[in-house]
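Two complexes are shown next, each including chain A; its partner changes from chain B in the first to chain C in the second.
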Partner chain A sequence: MSLRTSRPVRAGQYLALLCYLVFLAFPFLWLISTAFKPAPELGSLHPTWIPENPTLDNFRQAFDEQPLLRAAANSLIAALSAGVIAVLIATPMAYVMARHRSRLSTAATGWVVVSQAFPFVLLIIPLFLVLKNLHLINTLWGLIMVYVVWALPFALWMLVGYVRAVPPELEEAAAVDGAGRLRTLVSVTAPLLAPGIVATALFAFITAWNEFFFALVLLKTPEKQTLPVVLTHFLGAEGASDLGPLAAAAFLATLPSLVLFAVIQRRITGGMLAGAVKS
Partner chain B sequence: MRALARTAAAAATALALLLTGCAGDGEDGADGKIRIRFQSLAWQKESVDINKQLVKEWNASHPGVEVQYVQGSWDSVHDQLLTSFEGGEAPDVIHDASDDLADFAYGGYLADLRTLLPDRLTGDIPAQSWQTATFDGGVYGVPFLQEPRVLIANTKILKESGVRIPTPGKPWSWPEFRQVTKELTGKGRYGIAWPLKEPVSVTLNLGLSAGGQLFHRGADGKVTVEMGEGDHVVPGTIHDQVNTDHSAARTALGMGGGDTLPGLFGGKYAMVPLGFSYRQQVVEQAPKGFEWTVLPAPAGSEGLAQGVSPQTLSVAEDSPHKKEAVAFIDFLLRPANMVRLAKGDWMLPTGTAALADPSLHTADLGWATGAALATALRPAPAQSVRGYPEWKDKVATPALQEYYSGAIDADELRKRLVEDGNRVLARYQR
Partner chain C sequence: MTLANATVQSGRHGPPGGPRDRPPGPVNRNAGTWFLVLPALIPILILSVGPLLYGIALAFTDAQSGRTRSTQWVGVLNFQDLLHDGLFWESFRIGLVWAVGVTVPQFVLGLGLALLLNENLRMRWLARALAIIPWAMPEVVVGIMWRLVYNPDAGILNETIRDLGLGDGRDWLTGLATALPAVILVGVWAGMPQTTVALLAGLQNTPHELHEAAALDGAGAWRRFRTVTWPALRPVALSITALNFIWNFNAFALVYVLTNGGPGGRTRLPMLFAYEEAFRYGQFGYAAAMGCVMVAVISVILAVYLAGRLRGGEDR
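Now for the complex of A and B:
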């Protein structure tokens, strides 16, 4: 069977891809356009892609009205901590699950997949009560704990793929050369896993950075609120919104995720596909 | 590898440093000071500034009771409060709207304020406003800001068309309104655009003017849906404007209020029915030279009556400082302060003393028109009916959307609202 495609078919594929990209990019491009438009242009009957009189007023107003920097700092602490802790916990677990295949590890993998099926609204009240008993309500520690637990199953699943992609023969060769178990793990496996670990940590970071509902419910004082929660302060009742500043703040809040995702997207795909084809 | 270990150690140290100071706040301090948390949903800069200023003034004049301002969001307030109530961590003073209180009041999460409220406040706010926050005979919130639905109109188009300009003293009747929108239509322009993304509250609230009631409480206390003649006036008018006269823009039916403003500014719509507070967006977004005016919504057999769900201030049942919380509410709602809050939100105060303030009776920005409607405002129908949210989401919203777009006729609408609706309500009233 030939995998070669004719020119018209290839052109059609690229056209479909282009349409898909435009469809995906449209909301973000519109967000950028809105962020730089002055108020009268936001109410124009014939809106333009490029602002006619671009302005930074929306950004100034957004920073003036809401504590965006403080919220961004809170988000950064929570997301960074969640990323690091999730990886510290998930890496040894993933190694065991990938290397020591047993009924238990199969069951554990199954449980990881099932745990993704629970909607968070189902978890939030019990979680709230647990954290309250631990005196972790209204603390970033509590939120970080939730983010770690929330990111852990998918992080584990990703890491298992990366570990499986590291040929066990390398570890066996190291053992033959006289390296002990720990030495093998530190000198052979860990360096090969590093890209996967970084990708997984960034995944956990992005998940926590964008998370809204847990932060809304668990943090009470304004000083602790994270960026997604503060963004909703630009929204009023019955769908009313402070559109310009909202777009400006949302654009800034999207940037870190966008940059990080651009960096790790190839590694994530690699992790998911790792071990899919026998070599 | 050593480099990796060093990086990990540095990261761990940085993390530990960053997390320092992440611990939660205490409640009442060791200094003997009472601390209460006030969750406000104010979101526009003017309004947030006024709320924060009032909190500052309270704290300066009440050294023994410190109020902490907490910013909430209209977008997620119900879920956030529900979780906080369940966890016993709700704010002491809660800003919300009367149509969101029923579940919390019946669930025992809010304090019954009857014995706590000072006479001044009780006497200042009219009975019809208190009704909006009364559930099973208990008062679970202090209604303080409200907004009627008004017609925001392009003055130039109105003047050029020569139609009679309505006033609160002599408003349009519903048939006259329909005729006017026909006259305003033409040359690519619609007489009106109904933003009916949420069609139920608009239909029920404006329906009161024509004697619409829809929900009827029987002698046994059970509520049923019935559609009388008055209930057909508002939906019938909108339906005919869209489908028969073509004087209302079909494309606007799926819009939210703010989405219609570009069309108003661009001359595509002569009028849009919006909440009174939308004037602020008009002021901010209207192009230079755009002339606009605020007109009362049409009147029916019940005059200018329309339903509203005022913004409310409640006290959590679990709050250990209910007395202090109510004292703060009383301070916040002193007539002069209520005027400041109303102007900050571009809404009307419920308090009679505040409403009498001359600054709310100027023709400028339509304030006088809104203030003249205040006495006609009534509790939104059905907000205290159990099962109303499900009736609204599963029955009324799709039925009204289909009716307004012309997909179903009036008989089918009646069948769905009444027959399907009563089945839903019955489940809540067994």
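Now for the complex of A and C:
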């Protein structure tokens, strides 16, 4: 930076940044604080930032009140399957879309854009009817199918960007050296794409792990429901004593997303832009 | 299959990652391509394109849940009913207030933070790390978290207000006047980081030399922003606000958890309204018609917005 910034301006910038930091952090800190507070402190009229007698009771109570482990297992199965399947079927298609300009690629890009604009309600009613006819309502498999298709637009968008970043000259060189088409894809293109594929799969995992609306509509019985749906069962008649378990469960449900997201954040941004710049 | 094609043209390739303008040849339509495309294409057709068309068709029927009589075509009856459904239009109005009320601050605050992060400040890494939280968090948890903040007795907001001597605070989420603003604030919080990151990436693409040249010529910070930064940032800004607007208008989980549409329907977004219509009252056809109206209005608003903005860009 060769542009000098004057002192008062710098001070103002730091002040503004501080405001942003507080705004971003305080709700999350409050959630953590509530999760570790014992019931009497939660009922107190003057809540404090730092629990005076931190406790893990809320976590135990949360697991007693709702089938959280079961819900977490359901979420894990749904999100993992959705992430893996989405990437498996999206990568070949993204390759075609990136390397060949054809009517199919144009149509697929159009679908990616249009699918973002449709309200879910217009999609969920027919999906509900279709899945009902297939007897897939209230099953994780039905939900996984919906998640895969729901994750596809973004997965395609990101993957097309990653494929374009692999120079076709490398593939051509392999072909000149006598490698067949499949061989080229497997031993030249795939290794270069691997980091992008992993990032895309993780992103699909996170979106499925966090998803609420489809799970709410499609899963009816508590033992089938995913974590976000089960979390809403804590709501309703929450007295002061129930705030603790609610906060504890919400905090735990966030951890996987936060950790994974921290891992892939840079790649997500890169992928989003790669797709955006070149389409 | 295109390798032969590609080698012939390789002289025309731009730098790696640049746009390729290979003409579509007959090679594209061979079996190999279909083999690569079908695994994604079939689910897309069956579970996305098909249902969307089916959904639009449902809007012209009297489909209901749990009915034995077969579904009938009713033409535009659902839309006629919608036209006179005051509750729906009230919900629609709330949806627009919410979408604009969230999208605009998201953009303004996001731009502010992006500009700060683009400077050489010391705490940048912390802001970047914190920005992950709202972005990665499940919407349901965001809602729960802010319910704890807004809680009239045990919440930190009222406690802070009491500490500052500004009164007793209030029950933000159940007050008729405060519910919608309170919910909008949460929407801004949840969506700001994504906007910031997109804008920051756009900022980092603006040519630095131009900035320095403008500074040497004596342009102030505001002038430099107007003449150098903004033109480069404009495409990113346009697409992120358009996307944010769509996403916000179609929002569901956040408000479902925070207020479930209450108090007295003051925060009943169109999605919540349509959800209740479809899955509480079982009026599939009517709810589908609502969805169609939402798509239509959103498309018109976006078309006007984008057309206006793009024209504005050419005038410069």
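We adopt the following convention: the second predicted complex is superposed on the first by the 240 of 279 C-alpha atoms of A that agree within 3 Å, B and C clash if a C-alpha of one lies under 4 Å from a C-alpha of the other, contacts with A are read in each partner's own complex, and residues count from 1 in each chain.
By definition in this document, contacts are C-beta pairs under 8 Å (C-beta built on N, C-alpha and C of every residue); 3 or more make two chains touch, one makes a residue touch a chain.
Since the structure is predicted, the reported quantities are computational estimates derived from the model, not experimental observations.
Peer 1: Judging by the criteria at the top, classify the pair chain B and chain C on chain A as clash or fit.
Peer 2: clash
Peer 1: Applying the document's definition of touching, compare chain B and chain C: which contacts more of chain A?
Peer 2: Between chain B and chain C, the winner on chain A residue contacts is C.
Peer 1: Could you look at A:Leu246 and tell me whether it touches chain B, chain C, both or neither (first, second, both, neither)?
Peer 2: In the superposed model, A:Leu246 contacts chain C only, not chain B.
Peer 1: Looking at the overlay, does A:Leu42 come into contact with chain B only (first), chain C only (second), both, or neither?
Peer 2: Once the two structures are laid over each other on A, A:Leu42 reaches both partners.
Peer 1: Quick one: is A:Pro168 in contact with chain B, with chain C, with both, or with neither? Answer first, second, both or neither.
Peer 2: Once the two structures are laid over each other on A, A:Pro168 reaches chain C alone.
Peer 1: First (chain B), second (chain C), both or neither: which does A:Thr232 touch?
Peer 2: In the superposition, A:Thr232 touches chain B and chain C alike.
Peer 1: Applying the document's definition of touch, where does A:Pro222 land relative to chain B and chain C: first, second, both, or neither?
Peer 2: first
Peer 1: State whether A:Leu129 touches chain B only (first), chain C only (second), both chains, or neither.
Peer 2: both
Peer 1: Check the residue A:Ser102 against both partner chains and state whether it touches chain B (first), chain C (second), both, or neither.
Peer 2: second
Peer 1: Just chain B (first), just chain C (second), both, or neither: which does A:Phe213 touch?
Peer 2: A:Phe213: touches chain B and chain C.
Peer 1: For the superposed three-chain model, which listed region of chain B (43-51, 79-87 or 223-231) is the one that clashes with chain C?
Peer 2: 79-87
Peer 1: Which parts of chain A are in contact with chain B and also with chain C?
Peer 2: Residues 42-47, 121, 124-125, 128-129, 212-213, 216-217, 232, 234-235, 240, 243, which sit in both footprints.
Peer 1: For a test of understanding, state which residues of chain B touch chain A in their complex under the given definition.
Peer 2: Checking each residue of chain B against chain A gives 1, 4, 11-12, 15, 18-19, 22-25, 37, 41, 43-45, 48, 68-71, 73-76, 79-80, 83-84, 86-89, 91, 97, 197-198, 256-258, 261-263, 265-268, 275, 277-278, 281, 284-288.
Peer 1: How about chain C: which of its residues touch chain A in the complex?
Peer 2: The contact residues of chain C facing chain A are 1-3, 6-7, 10, 13, 16-17, 19-24, 28-29, 32-33, 35-37, 39-41, 43-44, 47-52, 54-56, 58, 63, 109, 112-113, 116, 119-124, 126-127, 129-141, 144-149, 151, 153-156, 159, 162, 189, 192-193, 197-198, 201, 211-212, 215, 221, 236, 239, 243, 246-247, 249-250, 252-253, 256-257, 270-271, 274-275, 278-279, 284, 287-288, 290-292, 294-295, 298-299, 302.
Peer 1: Going by the contact rule at the top, pick out the chain A residues touching chain B in the complex.
Peer 2: Spelled out, the residues of chain A in touch with chain B are 39-40, 42-47, 61, 64-65, 77, 80-81, 84, 121, 124-125, 128-129, 132, 135-141, 144, 186-187, 190-191, 194, 212-213, 216-217, 220-222, 224-225, 229, 232-243.
Peer 1: Can you name the residues of chain A that touch chain C in the complex?
Peer 2: 1-3, 5, 9, 13-14, 16-18, 20-21, 23-28, 30-31, 34, 42-47, 49, 88-90, 92-93, 95-96, 99-104, 108, 111, 115-130, 145-146, 148-149, 152, 156, 164-169, 171-172, 175-176, 181, 184, 206, 209-210, 212-213, 216-217, 227-228, 231-232, 234-235, 240, 243, 246-247, 250-251, 253-254, 257-258, 260-262, 265, 269, 272-274, 276, 278
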